[in-house]
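Scrolling down, you'll hit the structures one after another.
Below, chain A partners chain B and then partners chain C, in two separate complexes.
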Partner chain A sequence: METRMEDAMAKTNVRYCLKCGKCTGSCPLARVNPEYSPRQTVERAILGRKDQILRGKGVWWCLTCELCSERCPQEVRYPDFIRACRIEATAKGIEHMCAHGGMLAELQRAMTSPEVKQDRLGWIPKGAKVSGTGDLLYFVGCLPYFDVIMEKIKPDSVAIGQSVVKILNRVGVTPAIMPNERCCGHDLLWTGEVESFKKLAKLNMDEIAKTGAKTVLMSCPEGYRTLKLDYADLFGELPFEVVHTSEFFSRLIDEGRMKFDKSIDRKVVYHDPCRLGRHLRVFDAPRKVLSSISGVQLKEMERSRAEAMCCGVDAWMCNSNSKQMQIERLREARMSGADLLVTACPKCQIHFRCVMSEKLPKSVFPVPDEAKIDVMDLSELAAKAMGL
Partner chain B sequence: MDEKPSVLVIGGGVAGIQASTDLANRGFQVYLAEKLPSIGGRMAQFDKTYPTLDCSICILAPKMIDCFRHPNIKVLAYSEVKSVSGSAGNFTIEILRKPRFVDAARCTGCGQCAEKCPKKIPNEWELNMAGKKAIYMPFPQAVPRVMTIDPENCLYLTKGICRVCEKLCQAKAIDFSQKPETVQIKVGSIIVATGFDMIDPSKFPEYGYGKYKNVIVSLEFERLICASGPTGGHLVRPSDHQKPKTVAFVLCVGSRDVKAGRVYCSNVCCLYSAKDAILVKEHEPDVDAVIFYTDLRAYSKGSREFIDRAIRDYGIKYIRGRPGEIREDHETKSLTIWYENTLSRKVEKLQADLVVLSVACVPRGDTKELAKVLGVELDEYGFFKVADPLYAPLDTTVRGVFACGFCTGPKDISDSVAQASGTAAKAAEVSMMYARAVPRAVKKGG
Partner chain C sequence: MTTEPKIVAFTCNWCSYAGADLAGTSRIQYPANVRIIRLMCSGRVDPTWILKAFELGADGVLVSGCHPQDCHYISGNEKAEERVNSTKRLLRLLGLETDRLRLEWISASEGARFAEVIKDFTEKLSRMGPTPFRSKRGV
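Then we have the complex of A and B:
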């Protein structure tokens, strides 16, 4: 993991940039924010204008969605470069965009203390079978916290966790769940607080070891990426396998263990979360789960799979540009002919629900209703189709 | 071995034709093996050449005919090289001659059979933008001028019914009894001139090729703008056959692209796209032509002047920037191109009705198999590897086997032809050294 701009320049192919601008022509943010251009950031780096980058706003605007690096002919890994710049800017004490008044970040930082004791099991549905140890650990992520902090928009994030547990029980699996699970550290890492990230990672690794898990199941793609790539970067090869719910469900379907006996008669479109899709190349598994549900008519958006557009927010750093992008993405979902938008990322879901709950000025969004669509997580829909 | 020293040329494009004719004029016996039913290669598909704006087939066709009629050249069209043994000075080659099911000695190429043939199939030579019949002439200027029956689509050969062509043919040229035939030849040296293919444009989903009808590749544009092409040379877009208002050309699609495995520059796109844009203007002066480029690589004499002419005399607009993505308006089928104008440093979008992608040029699809047969090495991109890029750019890694034109890496027509003449000289040297008889030059076309 690179923590300085210069190191990142060597590792992320920044110096090979052709200055062709394909990144900026692809960037969803650059279309709504004329001040932003990945190519020009790279150009500044090559010209040695380090201060301009580290003290500029652009470094915090990047969505790290990887659409630019997906298309870059020179394989410049721009989001990784940006991450290193954020880490260095933070180390230098440069202040940055503060998300939600710093509340989420403060909560995440609080969890870095080994003394903090949490009770994270209150959301587990009555009668569900869970355990402290076991082969399969369900790493829940911050779902219960989201429900409290984002209460206003009714994210109902724990419904995702509840669906996962119910499904696991139905297929005969008693998952281990950690009462003192920590934040995975994703947001702190991507906002430059690498030391806090390392503390969280260490605490989680120790907790996971105590459960004896061979498989760690994730329903959050950000956590999935963080454990699978960033923990592995930190600790070397992990002593357990990390899988996302969509992949796990897809396996269960193959083994004939997951059966959908309730028909869901809806036109469904799937939104690829950046971390699950482009970062970890999981495109087929969620679609396979959806198309295994009877009654579901699976649609595709104009931009899907590796071409998918980001939900507009990275590490909760949200602004009016995010809203514009979200509206655009929701419109695209509606245009596909679907009446239900399914995603496999609790955060994408929150961001979409958030923008739909807002009263946006008519001058900005003339027809906000065009962008209204039901949003649900893949696990929830799967549970419904199993009659759970 | 023949009394005359002999050479096998593989590939009947402009390079193969040039090498064959050079050698034949010096009195060598030449076998020219071409995979397709006609010689001509890529150049036969182009509408015009740059920088002179000559009609491509008009300058190539006489060369094709000269080559075919040359007493020292045996054109083995519709044939594949199956095996090679021996060494420099003494190669034994087995060539598979595919059956045309038409007697070449009798067929006059009148085409009546094709008119009445009931089976319509896609025309690959026209990049599937037009159809053809199961009995066909590959293109109007094809050489040899012999009809060919497609065995996979002919109703008689697949289902045992029809035989309309046979009943109709006054020359009695249809012969369903033809079988694949293997001929053996002995030569002193071999020249490879197999040319190029294009990278699969669906590798770039951001540009929508295959999904959006009005996104085409430049070879398709060549056929589209060509008077003998599928639209009779009318500039129309594929979705509705209407004249476009704006045509955009996107360069470097897969070229200079590490991700696509093509780090090299395809060498010809900067110039041919200027030529294509000029053709747009010559056909329809009121249509806008826009070229998206990464860097203008117009390095040879006359090239920069050609591009300047495109800008100054024809009003072609150049934008520096590789577009990020192209999206279709589902109703109008027009396209929005998103790009950063890297000179004005602004993100902009352009509405175009037709987009032409200059996709990377790559080795022919069957290069690997041919290399195996010849025992030669390929380079990291799958082109034929040359023995030394500086001192032996025409030698392959096997003595007595030479290569010219695009099959060793990107080259334009003029460079390919120059190389072809070079390989002819090299091959002549090897073949002569081992031959018993000394060749006697014959008059060109004599």
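Then we have the complex of A and C:
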């Protein structure tokens, strides 16, 4: 993991930049915020204007969605470069954009204490079978916390976890769940707090080892990316396999263990979360799960799969630009002819619900009716189709 | 490591801070475990600050404002109550005793009550012992 801008420049191909501008042309943020330009940031880096980058706002604006690196002819890994810049800026004590007043970061920092004993299992549905150890560990992520912090928009994030547990029980799996699972550290890592991230990673790895899990199931793509790539980067090859719920469900369907007996008559469109899609190349599994459900008419947005647009927020750093992007994406979802937007990321869901429940008056911040659509997580829909 | 509890108190400018001041000018004795942070209104308290206080080693946090219907800004104390309640839910998830966060209505004339609240809170926190975050910081 690179922690300095110069090191990152060598590793992320920044010096190979052709200045073609494809990155800025592709960037969903640059479309709504003309001040922001990945191409210009790269050029500044090459010219050695380090201070300008580290002290600028742009370094915190980037969504790290990887759409630019997807299209870059020179394979410049811009989001990785940005991450290293953020780490260095944080190490230098440069203040950055504060997400939600710093509340989420504060919670995550609090969890770095080894003595914390959380009480986070209240969401587990009554009668569900879970255990403390087992071959399959379900890494729940921050869902119980989201429900409290985002209370006003009623995200019902734990419904995702409940659906996953119910599905697992139905197919005869008793998942292990860690009572003291901590935040995976994704947000701290991507906001430059690498030391706190390392502490969380170490604590989680120890907890996972205690469960004896051979497979770690993730319902959050950000956690999925963090465990699969960043923990592996930190600790070497992981002693367990990490899978996302969509991949796991698709395997169960192949094995004939997961059957959808309830028909869901809806036109569904799938939004690719950036961590699951471009970062980890999982495009087919969620679509396969959706098309296996009878009654579901699967639609596609104009920009989907590797070309999918981001939900507009990275590590909770949200602003008016994010809202504009979310409206754009929701409109696109409606334009596909769908009446239900399914995503596989609890955070994407929260961001979409947030913009749709905007309380500002229409004269200040208009949310058009054609940007309103039902949003649901893949696991929730799958559980419904199984009659759970 | 000391076992004396540390309390961070967020008090509003109009009622509770004046109440604390009255406790002082009336020379009412109360434990020196409290650090007071004056805000214009208890409704200004952000859950982040409460969490940060705990994360930095506080054993208890007191949020104190004007009595209901008595807020200088009409409804600031109602907002404070709402925020304290949701923060308690977060503390419970984090495994902290929810009694470590306390909401009290103390008016400018209630110096004795301020002293009483601090005394009582200090005793309760002493019984609870330090938080898991305190050892992390070594404070």
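Keep this in mind: the second predicted complex is superposed on the first by the 379 of 388 C-alpha atoms of A that agree within 3 Å, B and C clash if a C-alpha of one lies under 4 Å from a C-alpha of the other, contacts with A are read in each partner's own complex, and residues count from 1 in each chain.
Quick note on the criterion: a contact is a pair of C-beta atoms (placed from the backbone, for glycine too) under 8 Å apart; a residue touches a chain by one contact, two chains touch by 3 or more.
From a predicted model like this one, the values you see are computed outputs, not experimental measurements.
Novice: Check chain A with both chain B and chain C modelled on it and let me know: fit or clash.
Specialist: Because the two structures are overlaid on the shared chain, the partners are seen to fit without clashing.
Novice: Which of the two partners, first being chain B and second being chain C, lies in contact with A:Arg39: first, second, both, or neither?
Specialist: first
Novice: Kindly classify A:Cys23 by the partners it touches after superposition: chain B alone (first), chain C alone (second), both, or neither?
Specialist: So A:Cys23 only meets chain B here.
Novice: Under the stated touch criterion, which partner chain does A:Ala10 make contact with: chain B (first), chain C (second), both, or neither?
Specialist: A:Ala10 sits against neither chain B nor chain C.
Novice: In the superposed arrangement, does A:Ile149 touch chain B (first), chain C (second), both or neither?
Specialist: Second partner only.
Novice: Given the touch rule stated above, what does A:Arg109 touch, chain B (first), chain C (second), both, or neither?
Specialist: Once the two structures are laid over each other on A, A:Arg109 reaches chain C alone.
Novice: Classify the contacts of A:Ala232 with the two partner chains as first (chain B alone), second (chain C alone), both, or neither.
Specialist: neither
Novice: With both complexes overlaid on chain A, what's the closest CA-to-CA approach of chain B to chain C, in Å?
Specialist: Minimum C-alpha separation, chain B to chain C, in the superposed model is 37 Å.
Novice: Which positions of chain A sit in both the chain B and the chain C interface?
Specialist: In chain A, nothing is touched by chain B and also by chain C.
Novice: Please name which positions on chain B make contact with chain A in the complex.
Specialist: Those residues of chain B that touch chain A are 205-206, 252, 256-260, 294-295, 320-325, 327, 338-342, 345-347.
Novice: In the complex formed with chain C, which residues of chain A make contact?
Specialist: The contact residues of chain A facing chain C are 100-103, 106-107, 109-120, 144-145, 148-149, 151.
Novice: State the interface residues of chain C toward chain A in the complex, per the touch definition above.
Specialist: The touching residues are 46-48, 51-52, 54-55, 86, 89-90, 92-95, 132-133, 135-136.
Novice: Which residues of chain A touch chain B in the complex?
Specialist: Residues 16, 18-27, 30-31, 34, 37, 39-40, 71-75, 302-303, 305-307.
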